[in-house]
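Below, chain A partners chain B and then partners chain C, in two separate complexes.
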Partner chain A sequence: MSNNKRNLKGVKTLFTKINKNDISTILTVVSLILIVIIFTSINPRFLSLYNIKNILLDCAPLLLMTIGVSCVLFLGSIDLSNGAVASCSAVMLTIMLPKFGAVSFVYVFFYGAIAGLINGVLHTKLKVPSFIATLCTQSIWQSIALLIAGGQPLSMTPDVWPLLKWGKFSIGPIPFMFIISIIFMGIFAVIQFKTPTGRTFLAIGCNERAARLIGLKISFSKITAFTLSGIGAGVAGIFFAVKLKSGIPTVGEQYNLMSIAAAVLSGVLLTGGKGNILLTFVGVALITAIQNGMNVIAVDGFWQKIVFGLIVVVAIYINSDRKNFKLIVK
Partner chain B sequence: MNTQNGKSQIALEFSQEMERINRKTRLINTMPLIILFVLVFIMSVVAEGFFSLYNFQTILSQLSIMLVMSMGLTFVILIGSIDLSGEGLGGFAGAVTSLLVLNGKNTNNFGIWGILFVIVAVTLIGILSGVIHVKGKMPSFMVTYSISSIMAGFAVLSYKGQPAMIKYPFFTQLSQGTFIGIPILTWISIIVFCIAYILQTRTKFGTYLFAIGDNENIVRNTGINIDLVKVKVFAWSAFCIGLAGVMGAVRIGRGVVDIGVGIVFPAITAVVVGGTSLSGGKGGVVNSLIGALIVTIINNGLILLGVSTYIQAAVQGIIIIAAVALSVEHDRKGICK
Partner chain C sequence: MQKENILTINGLTKQYPGTLALSDVSININKGEIIGLVGENGAGKSTLLKLIMGLEQPTKGDMQIYGKKYNPKTPLEANKNGIGMVFQEQSLIQNLSVSENIFFGREDSYSKFGFVNKNKMNKDAEEVLSQVNVSGIKTSKKVFNYDFATRQMIEIAKVFYVSQREDEKNSIILLDEPTSVLSEDEVKLLFKNIKKFVAKGDSVIFVSHRLDEVLEISDRIYVFKDGQNVCELNKENANENILYEKMVGKTASGEYYKLNRQVTPSKKELMKIEKLGLKGYFNDISFSLHEGEVIGICGVIGSGKEELCEVICGDKIPTSGTIKIHGEEKVSKEPYQSLRNGILSIPKERREEAIIPDNTISENISMSNYSKIKLNGFISKKKEDEQAQTFMEELNIKAPSIFQKVSNLSGGNAQKVVFARILASDAPILLLNHPTRGVDIGAKEEIYSLIRDLSEQNKGIIVIGDTLDESIGLSSKILVMKDGTLTHEFDAPSDNKPEQLDIVKYMM
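Right after this comes the complex of A and B.
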């Protein structure tokens, strides 16, 4: 009898543990399955091979930006600039390709890294709160993107199209771009789990003072996290440019909120200290499925903004720690 | 005798140190005003046509929307939070106003009641985001950022991609009218400034703002309902955003969501440059007025010098970073996220 009770208690604690730790991840998986079922029942073509390829292609840039911004969210900081960095790198690639050829991909990659590095240095060395520092760099990069593009979308000339061919490759229904973004996710995951710098991300998010007293390199880790976010945004910008064969100076704008939403949906805490790079894929899949599904069942484009805003609020609400009265949230 | 001497020596050093710190704070407090005068001086030398009556009127007219926005933001920043919802909420206010007053798209003609309705609705949304922030324990910047996205969506949805032209005669009077040489829109912003000043200095509410920004725990322990104060702050901020959105619609004459684009960032710049600290508890509406003047004069000067409008946003970004970096330098040990 008492044994039974103890077992029951054990099961109960197990459930509360699941509740506390992974509720948002589980909810995301469940809603992903639900959404696939709903969209497929409305329009069976949602699960066609061609549309799956489409979804994976849409996933690629968002996944890159999400794994990048997750690194920053682990710290408890935030990066609001990754959309503008992606736009700027898309425009830069469009301008550079005719002049420098294939090397410009490398240049743009480094541009992303430097943009992230600047964020990190502003945040750690000048002690500017991350959201205000990245809000400012967002405005700066957006201005630069508009300035060098002359305020209008630039299209790529046909003579550079051979350099963009790789964007069309695919292995079965899996596009080459998606494979690249998965490789990046692997690299980021190795950094998070296997390197001292990466493991410091979550330590800083949990308790920065303790992490500092142990002797971890706080500033270096923070700058690395912001640089990784910049790299993710830079490569996402390359993908945008290659996919659309043009550099649109506002292409990444909406992806900022979407990447944060995807990260939070996968269980990353905004206060820092919790999250998993590999799980972010679940959030990205959900966001892309919703976006693609709304296109497939022909919902007005304006609704997407509303839906993503609501998703962010709900996802953070589920994750937030409301029982801790002493917690001060600004 | 010797110890007596030592003690007085310590006292002397202490008073000198205090004097030094006081002087530093006084310098920091008067810094925005000095910057303002230096800027006016530089601009009148460099930019042709800066120091004229016509340009003075232009500056006052450019100031109006930013001043209203920054009055709302000042209170939010004083308690250490931030409100990024202006972009979507302001656009929503402008777009819906254009649909409710006499316009070229539908048959609505609610006149002044339409404006009041919009401002009340926007204030209610502000209360909602305040409640979500306080009860949900979610960071304010994230709540307001999402609300901005949601309301921008609703704004575009309200006019379905086809903005309405405003034909309400009262709006043309507002946008072109002047009173003693000062545009009426600027008068409205001056009234809002006066209300904010009275709220800040003459009410309990204003005192709580500084206390919460300084140390929230102590205020909570004295039994003040912090949550209520915070919700009121967000309501006030949304009220200002709603008013700014309506003013944007008055000026543009069309109800587009773009009214909201780029009204938050200059306002944050104005508040921060004026000397209100982002960590809360320091500054006030007078600082924000000076900050708004500084930002307006920089923008005006850049236009007179023929600099591209895209650069203005970048310049504001650099100014915010510089101002924040200068003002947070002294507490090096604090954790900043």
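Right after this comes the complex of A and C.
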């Protein structure tokens, strides 16, 4: 009984949080509904059970990367490397699975964490602006992915297919991968709201000097945020490899921009200090719906990239606090 | 003799969502007058200045300048009408030169084919500075080379310059807390300049929390309370007690610093500072802090007292010496390590250093000590809110709810939130750097009694007062610093306080 009450209260606080969040989130929800109506009217199959399952499956890796990159955006920093880390982890998994078996998943998970950790250390200890630090690591991981894959997609050999079966599981139209990504979102949300380190993310983004003097652990929190982003990217890479049964060395490339777009659409401020992990789902849903919809109505892949570029610019424009001329330089 | 009227304000009202910041205010400013505006924080002084400068638009009411309707939309428009403002926060651009700052936005008259003639600009800037009697500034140097007080003078010179009217009629300068960062000498210089300025027929509106200054310089004083202009006093009729009474609605108590509650410090040593030094700022500082003791550090700007505080709280790393806590040597490279050792500071610049403006009151209070609100290893929102609720009532924080963002609070209430955080932190050693800076008198008294509470709880407190009087009133021991060294130590028991004059001798 009391448990029920607590749950109810949790739902309530979630709603008050949504209410307080401004225009961008509401706009995103409205556009999501509009997009669904438009695509369905062009092609009714958009809302078929089969396609919904597809959309949720597409959601999973993007959600992982978005919650990760959001942690970094909260700081007012940016992570440009998460796409390359995802590609690299997809390739690594493909190479490792035949050799090490199921434990490869764990290795790749840690690879993601370490890749994130490196970004964090470069940024906090060597004082390299995150923009440059992650641009460099992006280039490095992308090259490593291409090198170890020999410059071409690697396919999983049939003997490891049993290890990939879980990727096909689903409960009704809800894929198992999607459930995992939602669990990760829950964990990240607990970190954001319930731990001192997570609380510090937004405090740093809002006023780093004060956060330091208040006695919060600035470097540790920053490194944690980058590590979380790396974990999100690493697990997303696993999903890509399992879903496609192959390690494509460029698979995560476009997801960097998409994950930042999804975060911004959900109300995360690029200057830092504002955002909510739970709300990023809204942005992810919109981005995935647009992408899937464009596939369903057969829009050229190159056009899709133009659309995402435009979305980010428009979303940032809507979202930015124009009274406050903070620039992103961190 | 009726002087010529420059600016008339009629029934000005400003409604913000949720608060009526200014309600039906009417004042007028005559030629060559210095008008003092006093009132507690949130009384509406700053709002009035913003409306006059065109930074905000009034909800109701109108203004007239030289009999013409005046409704500025931007500060530039206000400048054109001969009204200029020196802001509380400085608006100079640090990495431009002094002359570039003075003529910022007005480079056109110095440019030929798109290139700026810097020599001419530097010369003219010297002219502008000399008009307000500021010397010793190289106009080609970048602004960041100068200390805060000098920058303030540059800014004032700039405002004097930009708000000259085209028709050469007299202008009005608004000064919002111009003296809060100035030393006494600099305040004197500033006042001399202001008097020179008004002798030419220009007028000044002067806002300050320091009543003695307002009384010294103003010809007329308007008192604000809760957004209303409650009274207008001529210089002859005003004194500190009357002003205080009108502002707060009660008479000043003689027990301003709560001397009867001053604690005689115990013999138990909390912290011992030995030969502490920070190269270029101070050196060889030694003293110890006992339980229940309040140590006041006095010194002029540049004496090293601010830096000493920054070193003790872990913001800067000392270049020599040690800090011992309970007899044990502690090394700290970050403020969080100092906090773990039991030292927490209230920094000087509240908005920049002490609060997270976008976070709620509740979140701000819990930040320095999360262990208090944890349940099963995770932060409990319920415990956090309960804690905030308790402090809100205890410290009389005026806000609609604990979920209010701190950025929406007035200075005094924001400072109380900072104090609530300090209280929640349970740190035994507290550094209070200008704890009543920019705080109104009512809240000041509450903060004084809070400091007494803290020392009764056996905490060791180091305070840098906003004024010398405050340092003396609060402390049981006073350390005087000059040029980075300790020059003298005064005992200051409640019945035998040292005289200001004696202390100043060691500061200068």
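By definition in this document, the second predicted complex is superposed on the first by the 302 of 330 C-alpha atoms of A that agree within 3 Å, B and C clash if a C-alpha of one lies under 4 Å from a C-alpha of the other, contacts with A are read in each partner's own complex, and residues count from 1 in each chain.
Definition applied: a contact is a pair of C-beta atoms (placed from the backbone, for glycine too) under 8 Å apart; a residue touches a chain by one contact, two chains touch by 3 or more.
It should be emphasised that the depicted structure is a prediction, and the values quoted were computed from it without experimental measurement.
Novice: Does the superposition put A:193 against chain B (first), chain C (second), both, or neither?
Specialist: second
Novice: Return first, second, both or neither, reflecting whether A:49 touches chain B, chain C, both chains, or no partner chain.
Specialist: neither
Novice: State whether chain B or chain C is in contact with more residues of chain A in the superposed arrangement.
Specialist: B
Novice: Between chain B and chain C, whom does A:305 touch in the aligned arrangement: first, second, both, or neither?
Specialist: A:305: touches chain B, not chain C.
Novice: Between chain B and chain C, whom does A:77 touch in the aligned arrangement: first, second, both, or neither?
Specialist: first
Novice: Looking at A:132 after the superposition, I want to know if it touches chain B, chain C, both of them or none. Which is it: first, second, both, neither?
Specialist: In the superposition, A:132 touches chain B alone.
Novice: Would you sort A:209 into first (chain B), second (chain C), both or neither based on which partner it touches?
Specialist: both
Novice: Once chain A of both complexes is superposed, is A:217 in touch with chain B (first), chain C (second), both, or neither?
Specialist: A:217 contacts chain C only, not chain B.
Novice: Does chain B (first) or chain C (second) touch A:274, or do both, or does neither?
Specialist: second
Novice: Intersection of chain A residues contacting chain B with those contacting chain C?
Specialist: Looking at chain A, the two contact sets intersect at 209.
Novice: How about chain C: which of its residues touch chain A in the complex?
Specialist: Listed in rising order, the residues of chain C that touch chain A are 313, 315, 334-336, 338-339, 344-345, 347, 352-359, 363, 367-368, 370, 378-379, 381, 421, 425.
Novice: In their complex, what parts of chain A are in touch with chain C?
Specialist: 13, 190, 193-196, 199, 202-203, 206-207, 209-219, 273-274
Novice: Considering the complex alone, what residue numbers of chain A touch chain B?
Specialist: 75-78, 80, 122-123, 126-133, 135-140, 142-144, 146-147, 151, 208-209, 257, 260, 270-272, 300, 302-306, 308-310, 312-313, 316-317, 320-322, 324, 326-330
Novice: Where on chain B does chain A make contact in their complex?
Specialist: Those residues of chain B that touch chain A are 79-82, 84, 132-133, 135-143, 145-150, 152-154, 156-157, 161, 216-217, 265, 268, 272, 278-280, 308, 310-314, 316-318, 320-321, 324-325, 328-329, 332, 334-337.
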